[in-house]
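Think of it as A, B, C and D in the order they're written, each chain with its own count starting at 1.
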Amino acid sequence: MSVEQGLFYFLAAFSVALALIVVLAQNIVRAAVALIFSFCGLAGLYILLDAEFLAAVQVLIYVGGITILLLFAILLTSRIAGKGVRVLNEQKVVSGIVAVVLMVLLGLAATRGFEAPAELPKQPENTPRIGTLLMTTYALPFEAVSILLLAGMVGAIFLARKEEK
Amino acid sequence: MVEMVWLVPVLPLVGVVINGLFGHKTGHGAHKVAIAATGLSAAVALVIFVQVVVGASLDRDIYTWVAAGEFAAPIGFLVDPLSSVMMLVVTVVGFLIHVYSAGYMHDDPGYPRFFTYMNLFMVSMLVLVLANNYLLMFLGWEGVGLCSYLLIGYWYEKKSASDAGKKAFVVNRIGDAGVLLAMFLIWRTFGSLKFTEVFDGIGGAKAVLMRPSVLGLTLVTVICLLLFVGATGKSAQLPLYVWLPDAMEGPTPVSALIHAATMVTAGVYMVARSAPLFNLAPTALLVVAVVGAVTAFFAATIACVQTDIKRVVAYSTISQLGYMFLGCGVGAYASAIFHLGTHAFFKALLFLGCGSVIHALSGEQDMRRMGQLKEKLPRTSRTFLWASLANAGIIPLAGFWSKDEILAATFAGHHYLLWALGSAGALMTAFYMFRLYYTVFEGKNNVDHHAAHHLHESPPVMTVPLLILGGCTLVVGWLFGFPPDHGLYHRFVGSVFEEAGTAEHAISLVLTVVLAVVATLIALAGIGLAKAWYKTGDNPAPARFAEQFRGLYTTVLNKYWVDEFYIAIFVTFGKKVCRALWGVDAGVVDGAVNGAGWLTVAISRVSALFDFRFVDGLVNRIADVIQGGSQSLRKIQTGVIQNYLLAMSVAVLLVTVIYMAMGGGR
Amino acid sequence: MVPLSHYLVLSAILFGIGLFGALSRRHAISILMAIEVMFNAVNLSFIAFSRYLPQSQMQGHVFAVFVIAVAAAEAAIGLAIVLGLYRNFKTVNVDEINLMKW
Amino acid sequence: MDFLIEKATALGVPTLLAQVGAMLAVCAVIILYISVAAMFMIWWERKISAHMQVRLGPMRVGGWHGWAQSIADGVKLLLKEDIIPTQADKLVFALAPIVVFATALATYVIVPFGPGLMVKDLNIGVLYYISISSLTVVGIIMAGWSSNNKYSVLGAMRSAAQAVSYEVPLVVSVLGVIMIVGSLNMQTIVEHQAGRWGPLPWNWMIFGGGLQVVGFLCYFTAALAECNRMPFDIPEAESELVAGFHVEYSGIRFSMFFLAEYANMFVVAAIAVTMFLGGWRGPDFVSPLLGATLGPKVAGVFWFLTKSYFLIFVMMWLRWTLARLRVDQLMHLGWKVLLPISFINLGATGLWLVLKDMR
């Protein structure tokens, strides 16, 4: 088993375990912390996939940005003593079944679907390539996303602002 | 200069941006921006048109809009005689109507909003016309639909207006679904949505196209019929015409621009644009022709009895659109587009005239409260007269040439029945137009007094466009249409459809003349009848006529109860079901109670005992079933998001299961 | 070399976990977190595909970038909404917030 | 590090073992360096602050100017009892300092101490630094929240807000340099600053290299905020929050936070030097003595450390010069002053590049 495979299985197990903590943890802050580390594990997987740019972006945006916001909101809305409260709603069984079945189906599709080439195709260097794509083929979606972000920012400000009386 | 065609839609877009974002700044100067934008784009369009006449053309992709896998849809423009004619008509008429609106809307609070919508409409319509692939055309198609919705409901504080807007939107959705499906099929068949590639690919894909797919119809027929469904929605043909009369709730310039001149003709344009496909599908062509002719006749009958001045013109529009589709259906695409152009002018003129009248009478729309306005509104009445003559198809005005060509082509195509329908429609067209004209501008003066005493001719900003449009109405017909089938226009646009492999029915000169004379006589007859009945305004004949054929009259007056029919079928149905359930429930439960009561009374009657117990039990059971059912039904809406989410994911799951069961993902 | 299917299976598992969380956590923020997990699962499969399939010249990366951007917007809005909820309902358990029912 | 691996494999060590060994070795070196340097910096800071206030500072321990003071402190901290509040979330509480320290450690990977002298020459170097450094705040929040103390929670939230706000101008101000160089690789950036600029011997980014003075100032300010230095130290403002997020920490965990803070100071300075001040470039005066292979390296390290420690000195200097900002002032500065300025700088740089390409 090569180093790469070892790393892959380790990171995979790591991310999955932490993701499970995220959805099952009794205490929400722990869930958030687990989320952070699971993101880091995924970043490691991205590096295994020669996507170092995205790995960095992953850490920067998800860990440095989104989860910080999440933690922030948690600190603003909930207390530390998260013991004893019911964290799952009453439809957990059904949804669990649904999730598992979907998982299995997707897994089947993945295993029997696509045949990857024997050796990895040559890949251009990450950052410049992504930049070129964003500026040429995907310029329009890029603009759309930026506008979306702008709208999101405005909306967030508007929603979070205390309505002045 | 042809390369600059992108300017034509972009200029109004600039207007949209300025008025839309800085409307509070432009305020009552908004019309300056809007008019400048449309005017410039009209100028560019004119230049390009001239160049196209000289022989230039363009089919260029500017930008790859959608690229997903092997699916790619460019943002590209196609400039050929057909699209250039459309472009010219849209821009010129649009420009004039913008000018007119500056006067008509001058004291409206939402001034910038109005002009933003109008410009946005111009943008969408030009995109629709100039697009070089179906997807981009569909973008414009939806855009004009949106603008029509916004503008019909422009006075949104008026419930009738907002309802009419919604109605138009919903009805159009039906047609749009057709267009979408057609696009899917086209994509699957040709692997492209670009007009050129699709039409060039026809030869290769003929085998596939001719293969029977649904109900024994060939694939191409299905595609064409689906496209035509969209056309009926957008161009207000049977059975989807119901939204157009209600659309008159919008401001009159809107009715003129969108619901007479440009948007409603989009369907015709699409059919003509897809001529190569339609030519392969005679069945579809026949359907188009029949629907067109029937609509032409049907709408004309309704127009004969309407009393709302704008609705008369609206039904007349529907009828004229019917003629256009009739033209397409019999393969006379060029004539259809010609009629589209002329109709754009004189129908816009009619609407603007109506607007001017309504404006003068401070909002009065019922033509029974008008009359003898000829002296008060000289310019309006004169141009209105021209337009009426044109619409009635009197030589040498615009309407005559185009409509007559269509009818002639129908005759030459041996569709004698359709020709008869069309001619009957023409008769009524002449009749209702002059019924309108005489009751409004001559006849008896029924204007109520407080409307009468500030009765005034509209300001020049409104009448000048009227005069210009009137001038066009007078000249375009014989200028481009003479001699029939060989005039400037036909030599220009005809080429497109010859490439499309349209079967032109040779038509002898004699026949042409004969038909022309017949048509003129028919029109004159209609005018004569209208004159006899409405010139003086106190002729009892119409009333007597109505008395004689009361049933027919009321039917037509109520527009054949189509709206009621639709409402009964599609709207009330749901309510009906619920009420039925409730009724059963109540009835059964009560029955149960009473049954129980009778049971106690008739305890001695052994003979009846079994009977009642049986009834009782049965009844109770039914009641329980129904109650349980309704209870569980209303439980569905819990208000908890995650339940909905769960339902969604279950659905996704099912789709995945089915997909993989059908061997997908392998 | 790790076969593509392994990455896809992993992504499927993460997606399922996230879906379960989104379906059955009560705390609004936990639901957001679960959704983020689902986003990441999707990103993983995007990147895996664009690594293993030769014809995709790293287009998957671009899509992943878009996903991340959208996720950021989604998180910001979602948290603003959560704060609003907390302000108005004094709770952030979505199954206690069901005004929109029959 | 690759160098080490080569050597090891050359000696017949299996690859995996060699890699792991090299990693461990490098980690050990870095940790050693961090702790020693940090102790030195602590002592230095105390001396500087003392002298700025016309005091002497630590004089006793170790004889000459109390140089061993912080060693003694370190020993004391290591020997102290490690207290965990009963109401704390034990796991997170224990994890937090490790996260903070580990991130501080990880950022050293891409610090180019000299020509070829860096742990791993990532080609996304700068981005790597930015993303890793953004992890620190996670640890801070964990610490603040888990110790279940209102001061620490407040400190953590302040710190989170501050970090998220100042991340943006930090990145944007660095972008100018990245645009000019056209690469994220640290060594490439340093290489790009080679040569002369007119009469001056430096072609640094803040000079001829890219005229990034504004960018440099923005970066430096934002970086101060990133590592919670005065005047941006409201997360641990002694006078308001006792000690902010690490008020409940003691003993070795506390010392981890402490070390991490100083480690961050150094990395920030090092990045600034690399991006704006020509990195390890400087007159090579030792090659005559040490030969062409070793000489440049030594000179590079010398210049690099000199520049970095000068910047660190500036930080300490600022600490005793400026007053602490209020929270709202902080946000105002971050969003309404720094961010616009750095964007203007970015745009100007882009324009400049375009014009340069034109002629």
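Definition applied: a contact is a pair of C-beta atoms (placed from the backbone, for glycine too) under 8 Å apart; a residue touches a chain by one contact, two chains touch by 3 or more.
Since we're looking at a predicted model, the values are computed, not measured.
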Central chain (distance from its CA mean to the mean of all protein CA atoms):
C
Based on mean C-alpha positions, I'd like to know which chain lies farthest from chain A.
B
Would you kindly tell me how far, in whole Å, the mean C-alpha position of chain B lies from that of chain A?
48
Roughly how far is chain B from chain D, centre to centre by C-alpha average, rounded to an integer in Å?
68
Starting from the mean Cα coordinates of chain A and chain D, work out the distance between those two points in Å.
28
Can you check how far apart chain C and chain D are, centre to centre, with Cα atoms defining each centre and the answer in Å?
33
Touching two or more other chains - residue numbers and ranges from chain A
53, 57-58, 65, 67, 69, 72, 76, 89, 91, 95, 98-99, 102, 106, 109, 113, 126, 137
Hey, what residues on chain B touch two or more of the other chains?
640, 642, 646, 649
Pull out every residue in chain D that's touching 2 or more other chains.
none
Can you name every pair of chains that touch?
A-B, A-C, A-D, B-C
For chain B, which residues count as touching chain C in their complex?
634-635, 637-642, 645-646, 649
If you look only at chain A, which of its residues touch chain D in the complex?
3, 27, 29-30, 33, 36, 52-53, 56-60, 63-65, 67-69, 71-72, 75-76, 80, 125-127
Listed in rising order, the residues of chain B that touch chain A in the complex are 63-65, 67, 640, 642-643, 646, 649-650, 652-653, 656-657, 660, 665-666
Applying the document's contact rule, which stretches of chain C touch chain A when the two form their complex?
1-21, 23-27, 29-30, 32-34, 36-37, 40, 43-44, 47-49, 51-54, 57-59, 61-62, 64-66, 68-77, 79-84, 86-87, 92, 95
Would you pull the chain C residues touching chain B in the complex into a rising list?
19, 22-24, 31, 94-95, 98-102
